[in-house]
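Here the structure comes first, spelled out in structure tokens, and everything after it is commentary.
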Amino acid sequence: MTSARDSVLVISAHAGDFVWRAGGAIALTTSRGGRAMVVCLSYGERGESARAWREGKNLQEIKAIRRAEAEAAADILGAEIRFLDAGDYPLLESQELVDQLVHVYRETEPTLVLTHTLVDPYNGDHPAAARMAIQARILAQAVGYEAPGAPLGAPPVFSFEPHQSEMSQFHPDVLLDITDVFEIKRKAMESLPAQQHMWSYYTDLATRRGVQVKRNAGPNLGISDGTKGEAYMRHYPHVTDRLN
Amino acid sequence: MTSARDSVLVISAHAGDFVWRAGGAIALTTSRGGRAMVVCLSYGERGESARAWREGKNLQEIKAIRRAEAEAAADILGAEIRFLDAGDYPLLESQELVDQLVHVYRETEPTLVLTHTLVDPYNGDHPAAARMAIQARILAQAVGYEAPGAPLGAPPVFSFEPHQSEMSQFHPDVLLDITDVFEIKRKAMESLPAQQHMWSYYTDLATRRGVQVKRNAGPNLGISDGTKGEAYMRHYPHVTDRLN
Amino acid sequence: MTSARDSVLVISAHAGDFVWRAGGAIALTTSRGGRAMVVCLSYGERGESARAWREGKNLQEIKAIRRAEAEAAADILGAEIRFLDAGDYPLLESQELVDQLVHVYRETEPTLVLTHTLVDPYNGDHPAAARMAIQARILAQAVGYEAPGAPLGAPPVFSFEPHQSEMSQFHPDVLLDITDVFEIKRKAMESLPAQQHMWSYYTDLATRRGVQVKRNAGPNLGISDGTKGEAYMRHYPHVTDRLN
Amino acid sequence: MTSARDSVLVISAHAGDFVWRAGGAIALTTSRGGRAMVVCLSYGERGESARAWREGKNLQEIKAIRRAEAEAAADILGAEIRFLDAGDYPLLESQELVDQLVHVYRETEPTLVLTHTLVDPYNGDHPAAARMAIQARILAQAVGYEAPGAPLGAPPVFSFEPHQSEMSQFHPDVLLDITDVFEIKRKAMESLPAQQHMWSYYTDLATRRGVQVKRNAGPNLGISDGTKGEAYMRHYPHVTDRLN
Amino acid sequence: MTSARDSVLVISAHAGDFVWRAGGAIALTTSRGGRAMVVCLSYGERGESARAWREGKNLQEIKAIRRAEAEAAADILGAEIRFLDAGDYPLLESQELVDQLVHVYRETEPTLVLTHTLVDPYNGDHPAAARMAIQARILAQAVGYEAPGAPLGAPPVFSFEPHQSEMSQFHPDVLLDITDVFEIKRKAMESLPAQQHMWSYYTDLATRRGVQVKRNAGPNLGISDGTKGEAYMRHYPHVTDRLN
Amino acid sequence: MTSARDSVLVISAHAGDFVWRAGGAIALTTSRGGRAMVVCLSYGERGESARAWREGKNLQEIKAIRRAEAEAAADILGAEIRFLDAGDYPLLESQELVDQLVHVYRETEPTLVLTHTLVDPYNGDHPAAARMAIQARILAQAVGYEAPGAPLGAPPVFSFEPHQSEMSQFHPDVLLDITDVFEIKRKAMESLPAQQHMWSYYTDLATRRGVQVKRNAGPNLGISDGTKGEAYMRHYPHVTDRLN
């Protein structure tokens, strides 16, 4: 049902998350003429930049590096990107930040929202980002909430895959076939040179989720051996007029 | 993604279940040129025919009545129907019955399977039917299982809505918009005269699930006020190449 | 075990909630000579007044309208009502608000507490209200907490039914037979003219829960066809000296 | 709501279970003029008679000993008792056994059913007994099920407390105040001389559950320091016309 | 694998908790030459000092009493102890408090962390303490987090046993054999004279958990009749090179 | 705590499972002088031998091939192996089969038991094997159960990792460091030539679980970059006298 009017909004705690975890979904949307907006609540400057700190970089340098990398990756994926620079480790929830997200919702009118899981025992910033993404979506739907633009519809929300899925109560409700755009995702990953070990990790993950695409696909779909996949977890019921 | 090749297989414990709980999904499939096969493991002659017993009918009479009613309803929905006459209250699980289901799977090559929930504290036949439906699907996929026809693909399986959803651990993963075929479902319900109070019950339920269709639908969908819905719970991950 | 000393405390996020969701429990208590106190944390002025906003009313007008309606409904149910005017969408949790609730607990000495569910993916204000209701109950029990009155006993706490029960992890632990007071609840609902579509929605819900009352009642109870019910979820174990 | 018409049916896997785990509920019922029927599916001759085996007793001797002890305990509690002698370790589920239970249901018309938990990783006989108790209750409700007597109403079902509650997913939904009859339960326990260490274990448990009775009781109840309790888990919603 | 380098960090909401719930684990560590550090976020001056308030003591007096008692108990257990005096009932979460905990983590380099459960419907301070303990552990691991000392490793985290285990979703993942140090724990308990009824309560609990130690231990372990135990719940997977 | 007396019992549905899923645990035990016994309930002749069927082999040939392969792999791992030849797809539960397992338990006196998960929506044989493994363990503990040998102690039971962990409710309670024996496991895998694609799949999995070993290990353990791991889920509480 994707159309040129499609608009995916990705709300992530740190710069980089959107590439590894949702790059396929973003590229699928933009390759079909839809719009993608990535909001990075922080640059991941403290919690996800261990190498840069060890190399003696300072806070401003690290933010600048991560911003440039994320912009390059977004560019490859065909996505717009914004940075709210709210700080990480910890990413503190605040009503101001939620309000900024409400404004983004009203402005971009997403037809699809991607964010972190609500549980992650290894990273408190991820659930904090997810809680704010969901709260802002609810507020943006209210006529009485003061922010420019019309009240939001009810776009579906998905959690993308966390690092340790079983520990984060992640259940793969949807296996997304990203075969057609995997080369684009791979290129976007390669624009993040500081985390080269992640390139093969997420290529392998795409292959494994691709195997599950085949294992769970009905006979209708012509699935090839090189299938690549991304896993997602739904927050709300799937509304459809076709069960398969 | 429904096409003329679509084939829905409905496996239910008793005659009648398929009308109330899955009539919309069946009619959507057949109205689009797909095939629907309903398998009734029993007639519901003991557990779901209280009125007939109270009227003094005997076992054979009750079976005949329920069979005729179910055939009429299937006809309206455009579905084929088979009766395995395995008895109800209790519906006893057996390897013979599972084997019969494997044969049906191999013969009909369903692209979609609908059955009961795996939990139902009010009716032991429902989970028994669901367990056999799922076991047979797994067996039918094995090359080494001896039954005519080719090994099955991996059709998605859904539970349709039980009577007391919260008590049966039913989670509405999918809300199916059945507005376009609701009149057909209503007619099929009306061909079951012994349970007239169910007509309005299931019309009301369709309206309530329709309200949730609207409440959960993204802005992409033009949903009207008279929307009717059916709720389903997925057993396996949804394989797709589009998240919305 | 209700007696003239009974005192039900209802803590709700918005004005109106107490009528739709707990009107029967309130009327049962007051009709038997007990006391009912309703605390509305907000008027629901932003999130639950879409029509008024669309009609061009301003914030103060909307608050006044909703206050008047809620007072009229409380009057019909025989309940006292207080408004804390803490704002909605979002209802922000604060220690000041919790402290106000502690004072209400100490003052009213409830024998029964009704509030929202702790999970509601469609409305963040509901869980926020429930969390504060429960925290205040714990604090009010402590001798060392500074507030007028004696330390609280341990009144049972129930969640009333949310809009989308399965999505809010609502489990109907208790089905309350409200047949005897349903006409009073209906009148209270009719005093909320802006939400006329809710009158029939909640009448239907009462009928459905009434059917479950009959389906789950033991042979001891003489349950008639017109039975009406409300569903509740317990937070703490039920203390009793009789299992049925 | 207990009255002279009350009838509690206890379905347990082994002789003895009903004393330790439900003796208080039984004594409360009979002390108020109600009827109690205990059905022991087996004597616990293999799995719960380690001492007797070690002493060199043979199978028939062990069965006779346990039968006599259970009869003595039932007598003290004022309960009738039946032994189905279906064997233990393992207690095998069968349709014949379920049918026997249906006959007991139809004959005794219980207003309350007590049985084991559906989960117990330490003892497979306990869940087997619980599954049969619940299946038989459903069958006994069906007009079309052939057994003497009228179709059953819908008596509430409770699981009594297993040995390792957290491992058996036991949730104490109800804390029963058994203070008034605890001396009777104690005497019944003392009629089981082979398991003398259990006397103090279950007296201590009654004290601990009694402390929780006090900790969870609202201000309405006058609970003394010597309160004794038993914990139960509900299978179906509680139907009532009073929340407290 | 405990060695002289072992360092256990106990983070508890109130003074006293560490004795009742984790005294055995602490004594085991120190008796083997390891280090134990207890951090009390508050003195439990409001919520856990009912007797002192009833005796008319004021806030400063109560804090002093509880501090002295906790220091005496820590001394017996061979543990260091610190008091953050953050207030209780409610214990308010703050980033300042979390930051203090990060400093403690970096300073003590724990190889083991013990804290409360994340759920406790009877006491909001317990989950608040657990959430802060876990958040601080994550932050202390980040190179980029500014605090003295090296980034933390990933010490395992356990919840000790809450008062009402089933209600707090406590699952006994680990049963710790504390037989060898139980006399030390008992002495530490006896240094808290205001709560004398707890001495026998926690001695009985140690006996019951000891029975479960025997019931769950493989044949490898020589477990005696007087075995004492403490139960713990793991937050992260157990890393080991031996399954038994 | 592994010693020369250690004895691991692996109960698996099909030949081959023990190599992919538990080869590391087996090799760790035998490399330290312990004993390993593998029981294959079937050869996996129907459900896990698709290639052989497609090549036109008959049932007896397929059984012989799989038996030879499994024996070769067991030999490399230093394990004994037995085949019960109970058939697969479906593996039917029977009391005879459980009794055979009781005999194995009594004979081998395992100190550790490894089997499948109790949930697996893709393969009904796996839960069937796990249920029988657990039932037999309980029966073998009973003095009164007639089988040669002494009543069993209570060896810990673990589920090894299923194919689709999140769908099978698999929670990685234990991460086993198998680095030291990984080369042996790899060789054992290579003795199963028909499933060459599994060699790299399970090598990759071992690497991924190895990364989690490092991510979850406390500072005590010297974990290198090439760490390999296997994940396990515990059925019973871990009994120990050291928390780390």
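For clarity, chains are labelled A, B, C, D, E and F in written order, and residue numbers in each chain start from 1.
Going forward, a residue touches a chain if its C-beta (ideal position, glycine included) is under 8 Å from a C-beta of that chain, and two chains touch if they have at least 3 such contacts.
The structure presented is a predicted model; accordingly, all values stated were derived computationally and were not measured.
S.K.: Touching both subunit B and subunit D, which chains are there?
M.R.: The common neighbours are C, F.
S.K.: Looking only at residue numbers at the subunit A/subunit F interface, is the share used by both copies over half or under half? Answer same or different.
M.R.: Mostly same residues: over half of the interface numbers shared.
S.K.: Between E-F and B-F, name the chain pair that shares the greater number of C-beta pairs in contact.
M.R.: E-F
S.K.: Can you spot which of A-B, A-F or C-E is a repeat of the D-F interface, where more than half the contact pairs line up?
M.R.: C-E
S.K.: So the centre of each chain is just the mean of its C-alpha atoms; given that, what is the distance between subunit A and subunit C in Å?
M.R.: 38
S.K.: Please tell me the distance, in whole Å, between the geometric centres of subunit D and subunit E computed from their C-alpha atoms.
M.R.: Comparing mean C-alpha positions, subunit E is 37 Å from subunit D.
S.K.: Centre to centre, by mean C-alpha position, how many angstrom separate subunit C and subunit F?
M.R.: Whole-Å distance between the two chain centres: 53.
S.K.: Subunit D: which residues touch two or more other chains?
M.R.: In subunit D, 122, 167, 172, 212, 215, 236-237 touch at least two other chains.
S.K.: What pattern do the touching chains form: line, ring, star, complete or other?
M.R.: Per interface graph, the chains form some other shape.
S.K.: By the document's touch rule, what are all the touching chain pairs in this structure?
M.R.: The set of touching chain pairs is A-B, A-C, A-E, A-F, B-C, B-D, B-F, C-D, C-E, D-E, D-F, E-F.
S.K.: Across the complex, what residues on subunit D touch subunit F?
M.R.: Its residues touching subunit F are 45-47, 49-50, 53-54, 62, 89-90, 92, 121-124, 167.
S.K.: Inside the complex, what are the residues of subunit F that reach subunit E?
M.R.: By the definition above, subunit F touches subunit E via 1-3, 5-6, 8, 25, 28, 109, 111-112, 152-156, 158, 172-178, 180, 212-213, 215-221, 231-232, 234, 236-244.
S.K.: Along subunit F, where are the residues that touch subunit A in the complex?
M.R.: Listed in rising order, the residues are 122, 164-167, 170-172, 204, 212, 215.
S.K.: Can you tell me which positions in subunit C touch subunit E when the two form their complex?
M.R.: Touching subunit E: residues 95, 98, 134-135, 138-139, 142-145, 151, 235-237 of subunit C.
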